[in-house]
Amino acid sequence: MSKPIQNALGLSTLVAMLVALFMVFEWVPTEAEQGIVQRIFYFHVPCAWVAFASFGLVAVAGIFYLWLGGQIWDDLGHAAVEVGMLFCTLVLITGSLWAKPIWGTWWTWDSRLTTTFVLWLMYGGYLILRATAEDTPQVSKFAAVIGIVAALDVPVVIVSVRLWRTIHPAVLVTRQGGHGLEDPRMVATLLVSIAAFTLLFAWLLMLRFAELRMRTRLGALAREIALIRFRAGAA
Amino acid sequence: MEHFGYLFAAYSVIFVAIFLYVGFIWRRQSALEAELRSLERRLAALGGSTGEKESSAHSPS
Amino acid sequence: MAAPVIETHALGKTFGLTPVLRETDFRLAPGHAAVIIGGNGSGKSTLLSILCGLVSPSEGSALVFGEDTRRFSPRYRRRIGMLSHQSFLYPNLTARENLEFYARLYGVSEPRKAADAWLERIGLGESADDRVRTFSRGMEQRLTAARAMIHNPALLLLDEPFAALDSDGIARVKAMIREAADEGCTLVATAHAQLEIEGISFELYEIVRGQVVEYQEKDEARRGGRLRSLLSPRS
Amino acid sequence: MAGYAAIVKKDLMLEVRGGRITTVLVSLALLVLVVLVFAFDRAVAQGPDTAAGALWIALVFAGMLGATRVVLSEQENGCLRALLLSPLDRATIYAAKLTASFGFMVGAAIAATILAMLFFNLEFSMSLAALMLVLILGALGFSALATLLAVIAARARGGELLLPLLIVPLFVPALIAGVKASAAVLSGAALATSRDWVGILIAFDVLFVTAGYLLFEHVVGEE
């Protein structure tokens, strides 16, 4: 992964992010019902999008790792789950900061919050496996399998959680009423933010991936040195 | 400007988290780079290849 | 000459950063027998684990019956018998139940009869209904040997077959191995020092710094020979 | 098929021979129910909702211990390696191990249901059959996951702690559906009213039994 691409991506992320920030704070009209705090939405939703996309990528990388082999897929899955967890955490935090003024509570078992939280738990366990277990091909396979299984679980989680909440009496106003996006400028702002976050996601993923590739190469070099010494009889 | 604090907090959290993450990666990357250079030198001293091929030691069956 | 039963090409295995096997080209023709000599941790067991498909190689490849062990299909596994230093026996089952279980796994016809026949051969007919938990080390070893051969394998991998046997057990297991060899079974055994079974001419190999090479007589004279003469000057 | 039957028969035989899995699971279910009875206010802890919750807590704990133990029992003397060396496919080994752990979980579910009927003063009625069906569906999904992931507990560093951390979040949808359906059934509603929940349970089971069947070969192998 070459440095120029990385830098170009970083630069365009910066520009897109500045444009998005300008639109969020200066350009877009304030939402009538919720007031200024509704602007959290423009970064909250892109965070969620990025988190979902990276969890999807984890599963794809897992499938390729099991199918074709190659440390590169394992590194990709590892980078994706980490970046995904970062954004998933941000979704939960910004969601909380939005819920408090609007719903009067930091946390509610609303269907989307619950789904995000369950995903956070699932991939948190996966990340702990990555972080604590040794870096062996066996653990890479475990990780790939868990990544695939978790992705299979996501639709079931979404359906069951939605059903769980609708059967319960709706205590709180549903969020749909909150952001109808009546102004086209709101839609435009959201789309630009999503684009900016997609770039950010690609950049972060690339950075982390490049680091993991370096680690893999370091391992390969260390193994080669060990093999040369072994051949020479200096065990 | 009601609830401005929440809005500010939300955006700060996002940017602080991202900057910290990028900072950590950059620091680790430069440490790794140094380590890679030293290993490459050691390997060259041992007379091996520069290890361009990726070892297949990590590929699954 | 018939196609070799075992054929490895530049076979290497590294666990983490520790190389165990390297650049091994080893061939064995059908019906032949080989002994691989090496000390503890020399990679003997790893080689056998690769040959039976349990462990996949890091470098190069191993072909057994012409099939890459990385993609070993069930019909090839049926033709291999493995006597490892793990007994693979269930302590809470009786000797007969253990053998019958493995006979069924390997699709042996009339598993009950086969189990009884083998129990007689290894001299455990009277203990057939005792749980393996109550067995002495030697009895367990004999049962382990029968377990490894119950499906009449075409290739028998023996990892230090006589390590824990008393002299009676050694004689019995040797007879079993000889009988298998007479039926055309290919043998690969590992040992600390030379292995002698009457009627079988073993090709001798040793593992030198992770590489399987033909056993050098002059080395024997220098190392083993001198050691032996020191230990038992009269023999 | 013969190999599948042989493994299942062997597991059954081992359990009859004083294997302790049933004992452990039943006493664990008992303990969980006792703890819940004392942890909740007696006045509150009577309804079908509490009983349903208690049953599922017992089921999850029993599964965590029992379903994984069925796979781990093969570790002694390297028997798992022997299974891998045998001509069976990995998928058949998975099916056999799944059958055994599912069997143990169903046993635990039956014991927990009987105990819960006593502790929570539930009516013994036709709803029992519906409740058992729901619990059995849950047990199948849980053992499908646990059998697939149990090897991790043995092979990865810190695996025993990690395993519940991985399984419970994955099991959440089935847990939600199971508790809801059980509570409905226990409060006297027909199973048909929980059709959606049962549907989710069945979908969960199909999905993870299939996934386990296909993916098991990637987790049991060694390096």
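All chains are identified by letter, namely A, B, C and D, in their written order; residue positions are counted from 1 within each chain.
Following the convention adopted for this analysis, a contact is a pair of C-beta atoms (placed from the backbone, for glycine too) under 8 Å apart; a residue touches a chain by one contact, two chains touch by 3 or more.
Bear in mind that the values here come from a model prediction, so they are computed numbers and not experimental data.
Colleague: If I average the Cα coordinates per chain and compare with the overall Cα mean, which chain comes out closest?
Modeller: The most central chain here turns out to be D.
Colleague: Among the chains here, which has the CA centroid at the largest distance from subunit C's centroid?
Modeller: A
Colleague: Tell me which has more C-beta contacts between its two chains, C-D or A-D.
Modeller: A-D
Colleague: Provide the C-alpha centroid distance between subunit B and subunit D, rounded to the nearest whole angstrom.
Modeller: Computed from C-alpha means, the inter-chain centre distance equals 41 Å.
Colleague: How many angstrom lie between the CA centroids of subunit B and subunit C, rounded to a whole number?
Modeller: Comparing mean C-alpha positions, subunit C is 46 Å from subunit B.
Colleague: Please work out the Cα centroid separation of subunit A and subunit D, and write it as a whole number of Å.
Modeller: It comes to 31 Å between the two C-alpha centres.
Colleague: Mark out which residues of subunit A touch at least two other chains, giving numbers and ranges.
Modeller: As it turns out, subunit A has residues touching two or more other chains at 66, 134, 136-137, 141, 219, 222-223.
Colleague: Could you list which residues of subunit C touch at least two other chains?
Modeller: 14, 56 - these are the residues of subunit C that touch more than one other chain.
Colleague: What residues in subunit B touch two or more of the other chains?
Modeller: Subunit B, residues with two or more chain partners: 55, 57, 60-61.
Colleague: Would you tell me which residues of subunit D are touching subunit A in their complex?
Modeller: 145, 148-149, 151-152, 155-159, 162, 165-166, 168-170, 172-174, 176-177, 180, 196-197, 200, 203-204, 207-208, 211, 215, 218-219, 221-223
Colleague: In the complex, go through subunit A and note every residue touching subunit B.
Modeller: 35-37, 39-40, 43-44, 47, 65-66, 69-71, 74, 86, 89-90, 93-94, 97-98, 100-101, 137, 140-141, 200, 204, 207-208, 210-211, 214-225, 228-229
Colleague: Which bits of subunit B are touching subunit A when the two form their complex?
Modeller: 1-4, 6-7, 9-11, 13-14, 17-18, 21-22, 25-26, 28-29, 32-33, 35-36, 39-40, 42-43, 46-49, 51, 54-55, 57-61
Colleague: For a test of understanding, state which residues of subunit C touch subunit A in their complex under the given definition.
Modeller: 12, 14, 16-19, 22-23, 209-210
Colleague: Taking the complex as given, what residues does subunit A use to touch subunit C?
Modeller: It is residues 134, 136, 219, 222-223, 226-227, 230-231, 233, 235 of subunit A that touch subunit C.
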